[in-house]
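Heads up, there are several structures right after this.
Here come two complexes built around chain A, the first alongside chain B, the second alongside chain C.
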Partner chain A sequence: MVHVLGIQLPDRELARYALTHIYGVGHKTAHRICARLLIHDTCRVADLSPGQISSLAAFLSSPSTAPAVPRFPLALPRFQPPSPSTPMREIQTKVAHLIKGRNAAPPPSKVHPLPRGGRDPLPSLKIETDLRREVRENIAHQRMIGSYVGKRHAMGLPVRGQNTQSNASTARKLNRIDRFG
Partner chain B sequence: MRPSLAVLSGRSAWKGPFFVAFPNLKEALTNNVAIKTQARNCTILPNFVGIRFQVHNGKDYLPVLVTQDMVGHKLGEFAHTKKRFIYRTTKNK
Partner chain C sequence: MSPLTTLTLAGSRAPYVVLSKSSSFLSTNTSTLPVTLTQRRHYAAPARGKGDVVARQGFKGKGKGQGPDGVPVKREKKLGAFLPLPAASLHHSLFKTDPLNELKLPLYRPEHLTTHSIGTAMQFVMSKNDAALKFGLPKSMLLEFRILSKPCSVVRDVTVKAVDKLDEASQKSSFETRVVFTGSPGCGKSFALLQSVEYCASRDWIVLYVPRGINLVNSTSSYTYDLRTQTYLQPAFSFQTLQRFLSVNQDKLQSLKTITEVPLERRAPIPVGTPLTDLIAAGLREQSVAPTVLSALLEQLGKQEAYPVLLAIDDFQALYCQSRYRDPHYAHIKSYHLSVPRLLLDYASGSKTFARGAVFGALSTCSTDFQLPLELREALAIPHDRSSGPYVKRSSILQWYSRGLQALPVPDQMSVQEAAALFEIWMKDGAFVGLPNDDAFMSKYAESSGNARQFVWKGLLASLAS
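Here is the complex of A and B:
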């Protein structure tokens, strides 16, 4: 068992599924978090390194203030890999030289454009108590202004026109002024 | 996900909110006269704040006083159309 922010993540599950145990994290968000923390797709919770777990906890405790993901420049199209017969030492000296050069001069400021989906949604992530509070505030707002949505919440009935003759059990369970889940 | 205004809730941002231009808006604000309307789908705009409306619920006109918090909602949300069922033994009561 791994505990992150007081939530148990089962050891045997894949990391990206285990993350969905957190209220407010679904499959998409879990996948994004994994990508951010460099956790591969078939990694189980038991295989996570202590560093990864601590960075996960650090990220989830305040997603908005987490440092931005470093963006490393990719190889240029004209890059040609050294031939396999090149001695290792030669490559190592070359790389060492490159790293030295990069340390001396700041990396190129050209930022790679974000993918087509728009901004990174992770900084605005809300989980657990924050999200629950937001939901409760929204319901309280609807109730205060006296709208139909607020009224239906107070009655514990479906809000969006579903049938109530039978079923509607999810609404009976969840729709409250002081919603818990 | 495309960025759009939260108040539009799914409607294209370039269209802006749907609303009905009430001709007697100014008069209603100064004289405190209620505007009688059937336009339940009219979005409440910031300049509606403080105006009294009589919104049709399908049967009669219910009074709605617009406050600051209602901006962005529809007029119809505040005139309920359904009545709670109450069982009565005799019809004439």
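Here is the complex of A and C:
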């Protein structure tokens, strides 16, 4: 069993779906996290390397402060790579100018203002306690300003206009001001 | 003793019979019991009583699978409906094959492949280190070979053409023989490629066969970015390819030696004159070095002239499609930015060559995720049913990688002689239900319009005749 931030990820599950056990991570976010860490789609949690697990834990501990991933150069068809015995420092020096210039996100074009696939949700990702706190604060704010939504949370009734003559059992069980407390 | 005792037949994976000791069947004197055999199937599961512990469904993942006291409840393993017993435990004479009706076919050998043998069914010689066994097979072909008692195929006109091309290619550079089998779905492209592979293996060629090219690009193996090559390496796939390549071609590789020094990352270079088996062993010791070793191995094979080399790729069109891999910015990685597809594309485009040998590919229409792209379609002169005028965008890089490819069309329709040979294979194996006469054959041939896959799967195996 792999433990990430105190959450147990089952070994037999695909890593892409096991990450959804984390509160605040759904399927799309999990796929993006896997792409960021270069985890392929059929990788099981048991197959994750220690480096990948530590990168995952480091990223999830503070997604907003995680360093930006540089854009690495990709070879054209006629590219001849240097010999494998070339020192890595020499290779890094040669391609440094290619990496530096691509650190920033590509400028938004007029035709496609959003990057392909939508904005990256990872820098603004909130999980676990941060997310629960945000939800509690939102509900508390609604109550503080005396809104209808706040009142319904306080009464433990449905908030979004559902029927209460029947079928309001989930709202009665869960809705409260200190929800997720 | 528990109320129910399960008897497991020796060697089987699942229980087939249950010894019941319930009071309704037996006397109170349990020491001299004749136990009754009750066959249990999944639909006849016993009704749950009060004593049975039912696992909780849970709410939002909490408490799922736990009993009332919070202890996880073990799920009873479901009995499958038709679990096969292993062959070793089938001792009854009913399960022994009838020696009189065993499928006897001539062996697929190079000397038998002439124009006179067109329309003859032949059995593949599956030796211990056969290419098909070690490298694997496409899924549909694997299923057919599992159903048949022996792996076999029919020699067709296109087989003889391919064999002739391979005979010419054995003395020429692979740049001049880069062939792709084309044709409609189910016409027999993968079979033609397998026949070419088996021919080369029996002719002492060095063979590298990729039966499922889709596995290179569908994000099913590990990948990592390499700054030196500026591509994404696939260490696991390269490692497996080296292993299989070594087991298939070991006897030839032992006699070949490195012609130039082979540098490796973070370790001493492989000196000149090292047997190629030792070069492969260096790649098998550590997976991270496998991509470099695979590339170096093909380079060394390209320089030697002792043995011709065949590079055979099924699902050839997948190499020209966008892969399912994603980079850290969530963009799709192009296939030519992955190490193994790039290596295969280099040999397919002729930018890297073997001194003697050929590159053969076979298109596949099975997967809708990796369809034939426009650039490859135009390079192979395959007509397109959609408009593809000058305003449709084409990738110059894919056009560069698809230059010089020759199409070898597999006929959509089998000839009557070829279809008859195919019919005889399945008839002799006992797969055809009904009277196997000329009427039945011609009706199935007409229904399938001579298409090989339709003829076998929709015609012979799906027959409702009784």
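Simple rule for what comes next: the second predicted complex is superposed on the first by the 137 of 181 C-alpha atoms of A that agree within 3 Å, B and C clash if a C-alpha of one lies under 4 Å from a C-alpha of the other, contacts with A are read in each partner's own complex, and residues count from 1 in each chain.
Keep in mind that, in the parts below, a residue touches a chain if its C-beta (ideal position, glycine included) is under 8 Å from a C-beta of that chain, and two chains touch if they have at least 3 such contacts.
Bear in mind that the values here come from a model prediction, so they are computed numbers and not experimental data.
Novice: Check whether A:M88 is in contact with chain B, with chain C, with both or with neither, and answer first, second, both or neither.
Specialist: It touches chain C, and chain B stays clear.
Novice: Taking the superposition as given, does A:F79 touch the first partner, chain B, the second, chain C, both, or neither?
Specialist: After superposition on chain A, A:F79 lies in contact with chain C alone.
Novice: Identify the partner contact of A:A57: answer first if only chain B is touched, second if only chain C is, both if each is, neither if none is.
Specialist: After superposition on chain A, A:A57 lies in contact with neither partner.
Novice: Return first, second, both or neither, reflecting whether A:I177 touches chain B, chain C, both chains, or no partner chain.
Specialist: A:I177 contacts neither chain B nor chain C.
Novice: Under the stated touch criterion, name the partner, chain B or chain C, that contacts more residues in chain A.
Specialist: Partner with more touched residues of chain A: C.
Novice: Look at A:L5 in the shared chain and tell me whether it touches chain B only, chain C only, both, or neither; answer first, second, both or neither.
Specialist: In the superposition, A:L5 touches no partner, neither chain B nor chain C.
Novice: According to the stated criteria, A:S147 is in contact with first (chain B), second (chain C), both, or neither; which is it?
Specialist: A:S147: touches chain B, not chain C.
Novice: Can you pull the chain A residues that chain B and chain C both touch?
Specialist: After superposing on chain A, chain A residues 117 contact both chain B and chain C.
Novice: Which of the residues in chain A end up touching chain B in this complex?
Specialist: 117-118, 121, 141, 144-149, 151
Novice: Which positions of chain B touch chain A when the two form their complex?
Specialist: For chain B paired with chain A, touching residues are 1-3, 67, 69-70, 73, 76-78, 80.
Novice: In their complex, what parts of chain C are in touch with chain A?
Specialist: It is residues 61, 218-225, 227-232, 263-265, 269, 292, 324-331, 334, 336-337, 342, 349, 351, 397, 400-401 of chain C that touch chain A.
Novice: How about chain A: which of its residues touch chain C in the complex?
Specialist: Touch list, chain A to chain C: 21, 31-32, 34-38, 40-43, 47, 69, 71-79, 81-86, 88, 91-92, 95, 116-117, 120.
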